[in-house]
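The following block contains the structure, expressed as structure tokens.
Every chain is named by a letter (A, B, C, D and E) in the order it is written, and numbering of its residues begins at 1.
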Amino acid sequence: MDITTIGGIIAALVLFAVGDILEGGNPAGLIHISSIIIVVPTTLSAAAVATKQKYVAAAYKELKIVFGNPQLNPEETLEQIIKIAEKARKEGILSIEAEIGNIDDPFFRRGLQMLVDGLEPEVIRERMELEIAEIEEYYEGAAKYWITAGETTPVFGLVGAVMGLILALKRLENPVEMAEGIAGAFTATVTGIVSSYLLFGPFGHKMKAKAKDIIKTREMILEGIIGIALAKNPKMLREQLLIYTGKSEEQGK
Amino acid sequence: MDITTIGGIIAALVLFAVGDILEGGNPAGLIHISSIIIVVPTTLSAAAVATKQKYVAAAYKELKIVFGNPQLNPEETLEQIIKIAEKARKEGILSIEAEIGNIDDPFFRRGLQMLVDGLEPEVIRERMELEIAEIEEYYEGAAKYWITAGETTPVFGLVGAVMGLILALKRLENPVEMAEGIAGAFTATVTGIVSSYLLFGPFGHKMKAKAKDIIKTREMILEGIIGIALAKNPKMLREQLLIYTGKSEEQGK
Amino acid sequence: MDITTIGGIIAALVLFAVGDILEGGNPAGLIHISSIIIVVPTTLSAAAVATKQKYVAAAYKELKIVFGNPQLNPEETLEQIIKIAEKARKEGILSIEAEIGNIDDPFFRRGLQMLVDGLEPEVIRERMELEIAEIEEYYEGAAKYWITAGETTPVFGLVGAVMGLILALKRLENPVEMAEGIAGAFTATVTGIVSSYLLFGPFGHKMKAKAKDIIKTREMILEGIIGIALAKNPKMLREQLLIYTGKSEEQGK
Amino acid sequence: MDITTIGGIIAALVLFAVGDILEGGNPAGLIHISSIIIVVPTTLSAAAVATKQKYVAAAYKELKIVFGNPQLNPEETLEQIIKIAEKARKEGILSIEAEIGNIDDPFFRRGLQMLVDGLEPEVIRERMELEIAEIEEYYEGAAKYWITAGETTPVFGLVGAVMGLILALKRLENPVEMAEGIAGAFTATVTGIVSSYLLFGPFGHKMKAKAKDIIKTREMILEGIIGIALAKNPKMLREQLLIYTGKSEEQGK
Amino acid sequence: MDITTIGGIIAALVLFAVGDILEGGNPAGLIHISSIIIVVPTTLSAAAVATKQKYVAAAYKELKIVFGNPQLNPEETLEQIIKIAEKARKEGILSIEAEIGNIDDPFFRRGLQMLVDGLEPEVIRERMELEIAEIEEYYEGAAKYWITAGETTPVFGLVGAVMGLILALKRLENPVEMAEGIAGAFTATVTGIVSSYLLFGPFGHKMKAKAKDIIKTREMILEGIIGIALAKNPKMLREQLLIYTGKSEEQGK
């Protein structure tokens, strides 16, 4: 569970409510079902028009890395790489074959298979880099859906407000009803802004940021596989790959 | 038919209408012929002023890839490449000539012709890359027309609203008529925003995204032709090109 | 004459007028001489403050490529290059000297002169690339003037509106006059938006797009001159340069 | 203490107050506790949703380089590098080991350790560059938190204003109270704008700028370590590294 | 004196005044001392919070290149380079030493000194490029201060307007006074927009543009020094460097 995502959303909603109560309002009055219909699902539909079907699906599927944490364990992956590097050095590249079954990550597995198949290091690098580029594009596309939604929804909030104002203007003879109508219209604006700046936009930005970690772990695996292919000294290889785990950063400051 | 394009537009329009009805309005009242004239065709004209004639034409012509799906079949194209690679290996490069007639894609055809003509691989690569760059520019220019339209149309919505407000201000002695005038003026804003965020902007973004797929298939063809020129092992070539079909991505996650 | 520039401007203006008339207004009422003074020449002055003098002059001078079409004929230029390439092959590089007088384009002429002077191909390439970079910067600077003007003018439209509102607020005792004042103030907004999104901004974007064509023709000339210097086969050279004429693009789709 | 940060904030706040007093207002009236709750902590929460947990922590921790000055002394670091370079030249690389304990900066220390361990210069460069990239990403992520907050807070100011307006519209029968309510609602806008343009946005931009200095010092250390590894002449090395201290810039103008 | 800077500012101010007078206003009424205090010095303070101290100082110091013209004379500098190149060819590199005293530009002087000191061309290039990068960063930082100010000041104009509106709302019982208050509040908006789009923003953009000329002259000096180091033919060197003086551009079109 990602505490900044879930905690941030809950904290902001509670604080909006507290502020509104302090001003003498009732936060429940800010939630209009018609405003929400005009602003939220329309935004998600419009963002789908702007996005390839594959990435629309990905946008919803990968919300799991926004709210949860991708199951990455770069340190453990590093240890696996080193263990395999040691085995390959002692018992030869072909001895790796037995290890492949123990690896969960299919990217890692395919890399090891290429090693066992005896592909040239440059060929392995080229293919794994192309795969990493594909993954990058995949998360980029999914994140862009949410960023597009974040740009659309405050403007659709305005549409909701204008629709409400048009209706309010018809009750000119009854100022109290008209004022009520205007107040109701304004809730669409609040819905649009909060959807954009607390939810959709941040979803896109966090997805991008988390995808970077996934990419970085893949780059470590790539460098590890190449290191094994070149029969690098496992101790040196560990030193080299340590930087990808983010450990050196903490020391480095 | 692109379901996210057509489904997204219809869904959003229906939801706007449902929301308006729930608020007690009549969605048909949001459609003013004069507002539409002031906002939509003016936007398309202004975007044409900003765009080269060639790309204005392309913008409308390539709406077909926004609403439909470009007839791409990367897997099938891959199989064609491999079949030709095998033939070239067995029967020599010149045997390809007979195959050229069976290929629909003119880009693919020209590449094979250069092979048969005996051009150097670097020359073939340079020319095909220039062609790919041209295609990229073509779709870029077409998509930019729609993106420019998407940036223009909400502001022209404001022009429509202001024009309406100016007229409404003349009916000061009749508040009901004036309020009606103001309400009418506001519909121009809705027209502008919906045109921008549901139609024109998304058209541009989807066109760009779909063009990327077209480009990627061309890059696969380029790498395939070069692979044949270098007499690469067809099995290896298939492995190398598989990544361009997007298949590895699904496995790769 | 560039039909998308002139046609687009006229079409948009006519459509604005038609829409206003349909709403019961008089389009002539939208044109206030004082609003125009506050919005348009001030914008052109402010954009000049942001721009180097050289590019201010260029911005106005190069409007000719926005409204007209630059006298580019890449196909004809290609034929000239090939003719010279053939002559150089048969009669030697020095035979080109007689051709230089027939070339209109000074960039082309200077390139041929360097050939005749016997400069190394790398030296010729370096110098011609620097010249192309200069030209690019020149059009970039000129286009940026119009883009800056396009960003400034809607905001100066707001200044005009605010100035008008301040005056209108002084006629509080006479609501009809005050409403008239407000209506007048609003025309500044329309002036600002239309200047920005129909004129200045599109001028800048079209100038940039047209400059690209000019640059591309120069790149073809550069590659042609280098091809002659390297004594490339004229037939091969034509094939290579054809891509710069945009012909292959149409075939290529 | 960073005088432009602290002085700038205090000066702006005082000037806002002076201006308000000159207009006949009471600056204390601009501070509404409920407005602040609706605008500020909600913004900080929403920015956290958009940011990885690691960078949220960094954003607050590294405020110290925004308000203070990072303890950088490039000239002194340069002297240390030269002293070590001289020692290494006279007494051999291994003599550096005794110096490592005197170095405070862990990045510098790790570089020297790699020297003593006899790693190849290219290996040292690659690892140190990866570490510098990590540090860059770290500050980038922290600064982006504040920039996101700066983009969010004026819009949440609008939310606060709209909430207040909705409440004010309920007091239609009492114009004085309603006007008071509207005035109160507007304070949220002021809170949002000042938080954004005087605090959060500038925090992010200054953090980025200061991080550049930190990066530059690290690059000097990297080049110094490589220089020692290549046994460069210490006098030449000093000349080369002097540029990183910003001294040459003052001379250079 | 830069005519587009000074002429542009004066022209725009005069035109604003003329337009206001034509509308029946008094331009002096647009200048409120309290509005100016709330908008202008606060903006300059907030931009300082966002900027490193060094660049704040540079922003004000380098206004001289915005209002005046940097003392650049690329043609004359070119002649100096050629004269020195000829001397070096005839009398040897060491003969340059006597010339160094005659050179005003310290960057040029340091380059010549490196020549005389016998440094390798690659070393000279690397150092001079680093120095040019420093200068670029210096002007970039100074220009960014003004661009930040230009982004801040219209929003602080809004703060001024809101402050004034809050005060105006207290005079509800006296509509004339209230209208006066609202009108006064609006002047803050005008102050903010004019400061941004006529002054601060353009200052930043012109500073950037002028800095490019300074950089280009330095690049010419760098290439000249390298040319001398490589003992290039002075006539060829002149041809090569001519492009940096912007002469070829005029021919080139």
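We take it that contacts are C-beta pairs under 8 Å (C-beta built on N, C-alpha and C of every residue); 3 or more make two chains touch, one makes a residue touch a chain.
Keep in mind that this is a model prediction, so the values were computed, not measured.
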Target subunit D, source subunit B, minimum contact steps: 2
Chain-contact steps, minimal, separating subunit D from subunit C: 2
Interface residue overlap between copies subunit A and subunit D, same or different (over half shared): different
Fitted rotation between subunit B and its twin subunit C in degrees, CA, nearest 5: 70
CA centroid of subunit A to CA centroid of subunit C, Å: 40
Whole-Å gap separating subunit C and subunit E, where each centre is the average of the chain's CA atoms: 25
Where subunit C touches two or more other chains at once, by residue number: none
Ring order of chains, beginning at subunit C and proceeding to subunit E: C, E, D, A, B
Subunit D partner contacts - residues on subunit E that touch it in the complex: 33-35, 37-38, 41-42, 45-53, 55-56, 106-107, 110, 123, 126-127, 130-131, 134-135, 138, 141, 148, 152, 155-156, 158-160, 162-167, 169-170, 172-173, 184
Complex contacts: residues of subunit D adjacent to subunit E: 2-5, 7-9, 11-12, 15-16, 18-20, 22-25, 29-30, 154, 175-176, 179-180, 182-183, 186-187, 189-190, 193-194, 196-199, 201-203, 205-206, 209-210, 213, 236, 239-240, 243-244, 246, 248-249, 251-253
